[in-house]
Amino acid sequence: MQSLVNQPGSAITQSLRGMALCHPDTIKVHFDPDYVERTAPCPSGKVAVISGSGSGHEPLPIGYVGLGMLDAACPGPIFTSPSPVQLMAAVHSADHGSGVLFIVKNYAGGVLNTELTIEMALQEGIDARYVLVNDDVAIPEVANRRGLGAATLACKIAGAAAESGYSLDATVNVTQRAVAASRSMGVGTNVNTLPRNGLGVNLADDSIELGVGIHGEPGEVRSVKQGMPEIVDLILPPILDDLPFAPRDRVLLLISGMGGTPPLELYLFSEAIHERMAAHQLRVERQLIGNYLTSLGRGGYTMTLMKLDDELLGLWDAPVHTPALHW
Amino acid sequence: MQSLVNQPGSAITQSLRGMALCHPDTIKVHFDPDYVERTAPCPSGKVAVISGSGSGHEPLPIGYVGLGMLDAACPGPIFTSPSPVQLMAAVHSADHGSGVLFIVKNYAGGVLNTELTIEMALQEGIDARYVLVNDDVAIPEVANRRGLGAATLACKIAGAAAESGYSLDATVNVTQRAVAASRSMGVGTNVNTLPRNGLGVNLADDSIELGVGIHGEPGEVRSVKQGMPEIVDLILPPILDDLPFAPRDRVLLLISGMGGTPPLELYLFSEAIHERMAAHQLRVERQLIGNYLTSLGRGGYTMTLMKLDDELLGLWDAPVHTPALHW
Amino acid sequence: MGQEITTSQLRKWLLAYAARIIENEAHLTKLDTAIGDADHGVNMRRGMSKLKERLKEEKQSEDVSSFLRSVAMTLISGIGGAAGPLYGTFFLRAATSPTNGSSIDLVQLTQMFRYGLDGLQQRGKAQADDKTMIDTMQPAVEAMEAALAAHQSPAVILAAARQAAHLGMKHTIEIEARKGRASYLGPHSIGHQDPGATSAYFLFETAAEVFTKTGAG
Amino acid sequence: MGQEITTSQLRKWLLAYAARIIENEAHLTKLDTAIGDADHGVNMRRGMSKLKERLKEEKQSEDVSSFLRSVAMTLISGIGGAAGPLYGTFFLRAATSPTNGSSIDLVQLTQMFRYGLDGLQQRGKAQADDKTMIDTMQPAVEAMEAALAAHQSPAVILAAARQAAHLGMKHTIEIEARKGRASYLGPHSIGHQDPGATSAYFLFETAAEVFTKTGAG
């Protein structure tokens, strides 16, 4: 039933309306230009935190709108970043004079649209900045690294900081620290494909795609004979060595399915990760397992580690009330 | 990467361990026989609520173990109900002398294993009963109706009743009322298949399988030209007419993906449902949208409506602290 | 009727049964793929592997009842699904039939099957023609009882059981399922042989092979 | 250099451009499927549909700058992805180039392209040979400037731009991507023509067609 999601335009609009109808106490949706804002009132002087993203990665970004996280979010077409017109509408809704922070995954479209929006906002006298999320160690050149699970973490950290009264500078700084302390990698498990086009080749039953992107960007096809532990041994060293993470580091572990991964398999993946965390003497202080950054209905998962300190831990634990995160 | 989930035995064990490692504050897992128990202490005199299920439907049942829901749960092999040996181990762990209630989806294996277990428990002097969950209106004969989303609701209602001190009789009664007030139906969207065997035929891009089961039991293949509203119009009348639900009824709406459904599509489905709820003047007092009853990684969704009264609403709202439900 | 079947011969029977099921795992799963959830072979093989483990320990002069009870518990924990409690109840109840301690004669063997069948039927509440293992077992047990009443030889009694079981199993092809997962298919279940009726047939087939060879004469 | 291009002729050019892109939607998406995320055609078609809507309203004696600015805003809101802000910035910046009010001459047209290119390059920070639309635009603008300096006729200037754009577009087949999604492919991006370089080529192709026909002479 690929066609359900493929109706250009209207599927996004209806899905957006669906999300708002499912969470009427938390979010409010606007159309044309499309954006979503929180219903919870803002403390005065609060910095606005906004994120835009192509659709198909739900709950990101709309599911992160609400108290303690995003003030507003904009969904683009499938896998295509939203326009400055949408982003400016979100700015006008969320800005209360203390400035705006955009959380942007490092893809050309997201960065370019945000930079253009920031120029427009500055012309209107609104102080606007962005933090670039680039946690994907599958890309060797740091400048080209894509944004993965750290986008979820950055939205939470920035939102908690803003909610608790951090200034724009301070919110930018702590969010940049959160991203700088995070590393991720993705694994595709079923179809080596661009979901939109139904193209692509089925992976063999014993094969994965290592370092896959969340828009069908291909990874490296590897045959895996030993099951999950072998997969985790392929992604963990690049993650751990890059920061690097060291024994006794306190970490936050985020495991996200890509939308087509059975929960059974996600917990299988988690088990192998936890075993290695213990072997590396990493202290998993907090964890989140579920669908937090998806790629339409493809099979696969991403793993993200963030090195924690007391400030980041406090901001992570701060109350949040959104469709996707709630505590 | 079908093979990851298909390793008989060890995949279940490892996934179970994974779930426990992800929720160490909430659940504790035992092996051989396999069962999971809550870590939260039980109020004295509390009735024990237990559910067993074949694996592949996660979070059901293990994700519902914890304060305010299940005291223990047993996972069987993929799509195969757990054995009386497992269920008795759960009984021994959870029974504190006030009796045991099993929540059983209406499939031959589940019912037969539970009945055998109850005979064993009675021989040991333990008062044990079961409530049969049979909410699937896709099956015309009421006696054969399968258990779908009402299993999640029954676990919550029974758990809240037991936690708040209901007797075994009273817990059985209110849980039976909850099931009797619930109706469901499933829709398959991608592969008309038994996931385990990789058999089956891909559905055409504009086709769905109406009334599909959660173990690959086939539904009726239908071509759908108008998208989601048309799908909802196929499943809603059988659900509404069966109870029947009437205008101004207060209802709880549960929408669950089957494990391979993108969140975007699930919200699209929700939107069409909400529109019809309004048209039928049904008052959606509570709702849950996500993966609550899955069928490995297949594409599709189930919709469940429960007619609410004050008692059921109160039990639904009662605190719960499990891997999958938390408030 | 002087033939005595010892616990050790019952063990041989069940070892032969386990081997036959394991040989036929793919076949049973294929049958369950057509009208069920594609696991009957997997379930039975899992149970049979445990049963073979259990049967390795040959205890000296074990009595028939406790032997059958331990077989039952092994199958209950090992098979799973619908078939586990059904076969388990069959042997649990068979274990309560009359014996001579560590052996049974052919009258008692027939009673053992009757007790097992009745227990299984109470457990599953299926009738003849519901397209289940009952359709194999009920005619087989009735054929044994009739042959016994007609004072037939052990070999003839066992052959009659096997033949009736075979006919019953084949009969499931023609009928519509009213119990178990196949019942969801309604009339679409017609034309397919029931997997449980098939695994049940092997009970009588191997009984005829093992008890005729070892016991007759 | 007496030829004047009016706002109405710019409108004709962009209508021709929109039509050319819409004809080539599948082709552009196919190119983006090989080395991107399979949406460049979809993105450009979405933008061009909006642009056609916008161009329907023909305002009397609209001045070139505000016309180009409104084209920019339409593309910014309509295209999305990476291409949206890039083409948007191109026209936003082009709108700041010198004009004669409601017309421009060929010098000013060349300046308009130069302003647009510089703006796009500042926005995207791509260099020549990064395998992007820059590889089409930069040689095309340089060819216009050279032909202008050599006092060529309008037709020759526009033909030079089109030819250089075409060569630049084809050159992207041979090089490795260093910007945009195709950069994730590293050396695997070689052998594929860049989708953005292709959509950018049509700007110069339709300019040559429209301005040579309507304006020259």
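We just call them A, B, C and D in the order they show up, numbering each chain from 1.
Heads up, the rule we're going with is that contacts are C-beta pairs under 8 Å (C-beta built on N, C-alpha and C of every residue); 3 or more make two chains touch, one makes a residue touch a chain.
Being a predicted model, the structure only gives us computed values, none of them experimental.
A.B. asks: Which chain's centre, taken as the mean of its Cα atoms, is farthest from the centre of chain A?
C.D. replies: Greatest centre separation from chain A goes to chain C.
A.B. asks: Using mean C-alpha positions as chain centres, tell me how far chain A is from chain D in Å, no decimals.
C.D. replies: Whole-Å distance between the two chain centres: 33.
A.B. asks: Quick one: chain C and chain D, Cα centre-to-centre, how many Å?
C.D. replies: Averaging C-alpha atoms per chain gives centres 79 Å apart.
A.B. asks: Between chain A and chain C, what distance separates the C-alpha centroids? Give it in angstrom.
C.D. replies: Here chain A and chain C have centroids separated by 56 Å.
A.B. asks: Among all residues of chain B, which ones touch two or more of the remaining chains?
C.D. replies: In chain B, no residue touches at least two other chains, as defined above.
A.B. asks: With chains as vertices and touches as edges, which is it: line, ring, star, complete or other?
C.D. replies: line
A.B. asks: With touch defined as at the top, which chains are paired up in contact here?
C.D. replies: In this structure, the chains touch in these pairs: A-B, A-D, B-C.
A.B. asks: Mind pulling up the chain A residues that touch chain D in the complex?
C.D. replies: 8, 33, 54, 76-86, 107-109, 112-113, 115-116, 139, 144, 146, 194, 196-197, 199, 213, 215-218
A.B. asks: Across the complex, what residues on chain C touch chain B?
C.D. replies: Against chain B, the touching part of chain C is residues 29, 33, 37-39, 42-43, 46, 73, 76-86, 88-89, 123-124, 179-181, 183-185.
A.B. asks: Which residues of chain A touch chain B in their complex?
C.D. replies: For chain A paired with chain B, touching residues are 1-5, 7, 11-12, 14-19, 21-22, 55-56, 58-59, 63, 189-190, 198, 203, 205-208, 224, 227-228, 255, 259-265, 267-272, 274, 287, 289, 291, 294, 296-297, 299, 326-327.
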